[in-house]
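Chain naming follows the written order as A, B, C, D, E and F, and within any one chain the residues start at number 1.
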Amino acid sequence: MTTFVHPQAICETEKIGKETKIWAFAHILRNATIGKQCNICDHVFIENDVCIGDRVTVKCGVQLWDGLRVEDDVFIGPNATFCNDKHPRSKQYPKSFLQTVIRKGASIGAGAVILPGITIGMDAMIGAGAVITRDVPPYAKVVGNPGRITGYTNLSDSKPFVNTTTTEESERLRVNGAYFYKMPKIKDLRENLSAGEFGSQLPFKPKRYFLVFDVPSHKIRGEHAHKRCSQFLLCVKGSCRVLIDDGKNRQEMLLDKPEYGLEIKPLVWGIQYDYSSDAVLLVFASEHYDSADYIRDYNEFLELISEKE
Amino acid sequence: MTTFVHPQAICETEKIGKETKIWAFAHILRNATIGKQCNICDHVFIENDVCIGDRVTVKCGVQLWDGLRVEDDVFIGPNATFCNDKHPRSKQYPKSFLQTVIRKGASIGAGAVILPGITIGMDAMIGAGAVITRDVPPYAKVVGNPGRITGYTNLSDSKPFVNTTTTEESERLRVNGAYFYKMPKIKDLRENLSAGEFGSQLPFKPKRYFLVFDVPSHKIRGEHAHKRCSQFLLCVKGSCRVLIDDGKNRQEMLLDKPEYGLEIKPLVWGIQYDYSSDAVLLVFASEHYDSADYIRDYNEFLELISEKE
Amino acid sequence: MTTFVHPQAICETEKIGKETKIWAFAHILRNATIGKQCNICDHVFIENDVCIGDRVTVKCGVQLWDGLRVEDDVFIGPNATFCNDKHPRSKQYPKSFLQTVIRKGASIGAGAVILPGITIGMDAMIGAGAVITRDVPPYAKVVGNPGRITGYTNLSDSKPFVNTTTTEESERLRVNGAYFYKMPKIKDLRENLSAGEFGSQLPFKPKRYFLVFDVPSHKIRGEHAHKRCSQFLLCVKGSCRVLIDDGKNRQEMLLDKPEYGLEIKPLVWGIQYDYSSDAVLLVFASEHYDSADYIRDYNEFLELISEKE
Amino acid sequence: MTTFVHPQAICETEKIGKETKIWAFAHILRNATIGKQCNICDHVFIENDVCIGDRVTVKCGVQLWDGLRVEDDVFIGPNATFCNDKHPRSKQYPKSFLQTVIRKGASIGAGAVILPGITIGMDAMIGAGAVITRDVPPYAKVVGNPGRITGYTNLSDSKPFVNTTTTEESERLRVNGAYFYKMPKIKDLRENLSAGEFGSQLPFKPKRYFLVFDVPSHKIRGEHAHKRCSQFLLCVKGSCRVLIDDGKNRQEMLLDKPEYGLEIKPLVWGIQYDYSSDAVLLVFASEHYDSADYIRDYNEFLELISEKE
Amino acid sequence: MTTFVHPQAICETEKIGKETKIWAFAHILRNATIGKQCNICDHVFIENDVCIGDRVTVKCGVQLWDGLRVEDDVFIGPNATFCNDKHPRSKQYPKSFLQTVIRKGASIGAGAVILPGITIGMDAMIGAGAVITRDVPPYAKVVGNPGRITGYTNLSDSKPFVNTTTTEESERLRVNGAYFYKMPKIKDLRENLSAGEFGSQLPFKPKRYFLVFDVPSHKIRGEHAHKRCSQFLLCVKGSCRVLIDDGKNRQEMLLDKPEYGLEIKPLVWGIQYDYSSDAVLLVFASEHYDSADYIRDYNEFLELISEKE
Amino acid sequence: MTTFVHPQAICETEKIGKETKIWAFAHILRNATIGKQCNICDHVFIENDVCIGDRVTVKCGVQLWDGLRVEDDVFIGPNATFCNDKHPRSKQYPKSFLQTVIRKGASIGAGAVILPGITIGMDAMIGAGAVITRDVPPYAKVVGNPGRITGYTNLSDSKPFVNTTTTEESERLRVNGAYFYKMPKIKDLRENLSAGEFGSQLPFKPKRYFLVFDVPSHKIRGEHAHKRCSQFLLCVKGSCRVLIDDGKNRQEMLLDKPEYGLEIKPLVWGIQYDYSSDAVLLVFASEHYDSADYIRDYNEFLELISEKE
């Protein structure tokens, strides 16, 4: 099986992988690079400084401009639109075009618009009609104009974790190294009070605490794992959602009661998002602050996980 | 007059009605079906499992994917974009594609994006640039991202109904089987009070009441008619808009005062929408609850109406 | 046992009942009337046009001005202060002084101030330091400046009624002729919905409904009984408190859920108060409106009750 | 110098200290006890079961009822009014009257009303016209109806503590055993973040945390000292005021920033009040919960302090 | 007719005017001064450094302490209470007592409490039970704890001025030198706009403007007249009430629309109060700023007015 | 250099300027007019009644319908979509199509949608994915669905003007004929007050004032210059942004304090926008109202400016 080019297509490049198909009225310029088993549909236009990986689908009506980098297994929906100049004026050309990167496995919805200079993370899912104005982290689902993260893909459970503890013992989550705690809560005539004993009711004696507050609802926090440090999260006011990921399983939970605690052990990737406007997140850490303890690159995190096994 | 196919078009199907025109750079696959007197403009792409009715216009830059059903007299604006997979990933194909249906007479605005599996109701008007994420009822006008209903088309009166009763008698609306009531209201120094006598001031002795509350402002309620049951609506807090339709006349009114009552007799199609955040809708029903009494399909409703005549 | 007058008191009237005591430094003018078994403490001053019933206590430092009517069994705390002129100016006298009436069994707290022309209802309890600017209904407890009703006295249960129904059957209250209903409630993805079938789930087929809304939180509503009409109350938005009274038992409940219903049969005295700012009270009545069916005077209500027995 | 009794006064007791004066139209019953150097002004009435300390002033128009205990150096303003029955009804006497205690040095403002069964703490200052409905802690200043604490008297500094730390070291307060910490705060474009290391940035490794939230603005919390336990307070949302007292110095500070920490060592009396409606107070405790570790009586606290020296 | 002293009263002063009456159990110390035609009721106590004018009424249970100055025609209601020490402690005496002044014609309601050092303005009306914590301007009506101004007495019209202009001409108010203007207002679909031409639509060409904003709702502004300067007031946001007074007539109006203008000519006393929280008052002045042009003392204003006549 | 037409393009018109290029799969109808040095990219479709100026870029996937007027130097991004019928229905044609005009130098972002009948002003910048539902003024930057102005392009300073006056003298702005004033502001314990003397502190004696209020946040006001009239702007409540333009320099400032004044002399183009919901703009004008003094067309303004030089 070799490359197929429709007779009505114009394919000027020779750098095309095996089993890739180019359909009618598509036009590909001379220096573009396209991997194997790709599908380039009708009315697509591809400029010169474009690299496309393997098994990529580009649906009809899409243009890929100079500066685009599309990794393997990406899906680009029909009429999805890219740019490479932030403030385009006719006949005025920037010194170099902004590079847009679509990471492995990502999906760009039909009619979505991607502003220039943006990176779409691994396996991210851009909704149809979304207008993407900032970088999209791995696995994020984004919709709207401007695009907002509404959740994450590839979760092991279809629904967020729901508290089922009836005792005061902690509850092990599906994600390795994560535990849910329901702390005692006392409500009397005067006010509410929630308390926990370190080392007995809580899983460790903390060496550090920190508070997170005033987080805009569309902001994403965390996005890292620790090498040695454990954390214990309590949303003491308002609510937020937490995504945890051990490299194999991914799970989401809502911290919306001050008595809900979440323990996150080392080598668990964590993200907090969808904060309510009044949210205050209290975190206990088992270790002193050490910038070297942070893993901030998701690919590096996956490598570390696989080394451990 | 027979079918016209531009020399630069690729038309692989033979199932095309009379007087239909296919323009330059359009590409139609072998098994597509297209009715008569259609206009398929430049750069359109049509897959195999697509059925298009008569007198349909498909403007430039549109793709119609497997699973699309386009009824008669539909207008599809330029660069309007469809999908047939909710979570598309490259090289991963669902067992069957979601079917999108565009009902008779509907209009899809320029650059609109229609998510997969959606039905656009009869004569609906989708605004330019709208992103449609849920079914659109007949006659609805939708704009925005995500798309929100802002009104209805084909109304018999250009403006919403305005109360003109000066007596305490009910006022017959243009829609057959719908009556407006202005219930007595007493306002004294202390508070407001509105009251009504069943069977004398109100048109029937109810067998049931229900309350609708906490409705998000973008939700649409109702969308059905009854075979035997009459209803009496009062928006006792906040406001909502009501659309009523006897199959011939369509009319809209704003329930924004607790003393405004709306009687809806059997075989009147009713929709409530645009609830204020604090709205509480009180409904009296003349019959006990009976799921068999509901007509939920608008076409079935139209048939029932015509049988009666 | 006869009247006792302390040697240091000045008692100019002779219209004093048996066993009444007048203490030191009190001063009672010539035309005042005082019943039997009263206790008039030190430093009290009583003018001429004052009538005091039997078994009344007037603590130290109180003055009773022309126009005061004090019924049997009233308690007037120390330094409680009365007036008989709304806009007093020195040497300017109104044609007649405003009459203040303290009904049987009422209690005026220490240091309370009662504005002129006010009636304090039977068994009412005026808190220490309260400033009373409007009439006080029977049994009401009032505190603050200006005085606000915070509850009612003489309740049969120390706490408000609490729902204990586990079935869908109604629950009989301690007050004769009052029943609590927990209506079915359906909560789905879209909104909340509560419904009831008249005549089966509800106790009667109503002939009338009325809505009460926009009630300031300090306003008192109801304060009447019906001769023939039954009522069914639902607080469909917000909350209010309901006091019911069969002449023997008095009970209070909080209507704070749309699915809570309260049936009030004829000859039950009812009061609603403490409305939340968004409250809407829906009432079903078993009879058409008939002003002759209302009993608005509490004493008349008590007489009617006793006749029935 | 011996006791002076005005000829127009009625003084039936003989238990009066030296140099005390009783003025005109005052009336003191047989079993009352009055200390030395007191001043009992015109129109005062004192019952039998009343004990008054030394150097007490009772201004005109005041009555002291059975059950009142007035310690040394108390000032009671004119027309201030006391009670000894919560729900007084004429001719209905409780088994025993509620005892009201006015601690040493307290001042009761003119026209104030004190409800029964209340203790006014040492040196407290009750404003003119205040209506006191609950116990008043030592040194508190109270005004309004109902009375609310607006501050404290006898502070070592005339103004609240103001942060002057420029380093990250803690700042020793004037009150022994209390330290102010300014925790690191990082403010970037996205949000605010404040953090602290236990045992290094913070003074101890906590064994317990608790959260205080939903506190009505008029509530007073704390009012105790610990024997062994240290506490570290952070107001992580909103604000509250903290009063600290080592038995000699008293100081107030405003916790209105999440990065402000307050360490309170054992044997420091602490009070928190004036919570904002959204306040969440986070407290770290150095010890596990032990009810025996609490000192809840201020006099006991003072004794313990003096023993230590 | 000469002075009357009740046999049970103790009157140690001889400085009492003709026709004044002193009633039972009243006690007046040796250096007090009391005018003619006064009425001093039972149980009143008057110290030495007290001056009382003519035709003053002091009702029962009142004490007048050293430092009180009571002008002619004042009414003091029963149990009204005064103070002369801001932070009273037993046996601690200030060097001099704070002076409290009650101006001519003022009325102190029953049970009111007046804090020390306060002046109550001419003809002011203090409501029953009010607690007065700051000076009260002439004619003000004050109620509550703490006392707040709710209006003014002695108005020429019983109701606030209501706009009746139908033309664009200004409307002369009952107060001499005050004119109401309704400025043109244009309201279109986009926004509101109000405008005025100086010298034609407005009465003068301004030399100065000033803006008043962020005024707490309980604050009183103005309280002065001008000798030469005219003013033109527009409340361009929110609302405030304006009291105007030409020395004979007094009138109140509500400025609650940006197109309502009020011209105040020289020698008109003006007060603005009851500002809404968002109020912005725009004032045009006919003259440059000149501190000598202000008349800030109401009595001085009255004198100037009478000189003019 | 002459016109280039790609062999796979269909170019039916002959009205094409020099050096213009038409690329593959583009289709241009017979009566279209295209200027010189244009670039018409792949898959573009151009109808007959279309005029395109010089140096225009039309990126891939764009259609230009009958009625479009594109002036010189315009950039139209890929898949940008136009319409010429407000309520399109298949086979129903309006008498004439709505004309859309893209003024000189404007830029239409990728995937933007422009509703019919709209004018996009000179040098305006339409963001990628924006949906334009109303006219766009010159230089405006617009994003979102529906499109909202977020700022203006071509400003002489990259940031809004910041007040640097330390004296009370006015500060000359970069835009000719515009001056910033910081009016005196007095802030005391009670309230704020800002004032100005006309003719000394302010630059002229006004003949007129007007107030602008209740402006929806997305509305644009002003958009004109005056021939003779000077204006002085104060935002006395809330805030708004002001853009000023002397034909050469353009500058933006934020009026967010009542003491900030902006003088705009004749022949300065001014725009106010981004009003806060509570904003009240007070404007003093040096001349009486004269509709002939307004220049409302920006091109006419530019001509007048150039004549002056």
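Following the convention adopted for this analysis, a contact is a pair of C-beta atoms (placed from the backbone, for glycine too) under 8 Å apart; a residue touches a chain by one contact, two chains touch by 3 or more.
What you see is a predicted model; the values in this text were computed from it and never measured.
Touch-path distance (fewest steps) from chain B to chain E is 2. Contact with both chain C and chain D is made by E. Chain F has its Cα centroid 37 Å from the Cα centroid of chain B.
Each of the following residues of chain F touches two or more other chains: 25, 43, 61, 79, 111, 131, 145. Viewed as a contact network, the protein chains fit none of the simple shapes, being neither a path, a ring, a star nor fully connected.
All chain pairs in contact, by the document's touch criterion: A-B, A-D, A-F, B-C, B-F, C-D, C-E, D-E, E-F.
For chain C in complex with chain D, the residues that touch the partner chain are 8, 24-25, 37, 39, 41-43, 55-57, 59-61, 73-75, 77-79, 105, 107, 109-111, 125, 128-129, 131, 143-145, 153. On chain B, the positions that touch chain C within their shared complex are 190-200, 202, 205-216, 219, 221, 234, 236-237, 258, 278, 280, 282, 284, 288-289. Those residues of chain C whose C-beta lies close enough to touch chain E in the complex are 10, 25, 27, 43, 45, 61, 63, 65, 79, 81-83, 87-91, 111, 113, 115, 131, 145-146.
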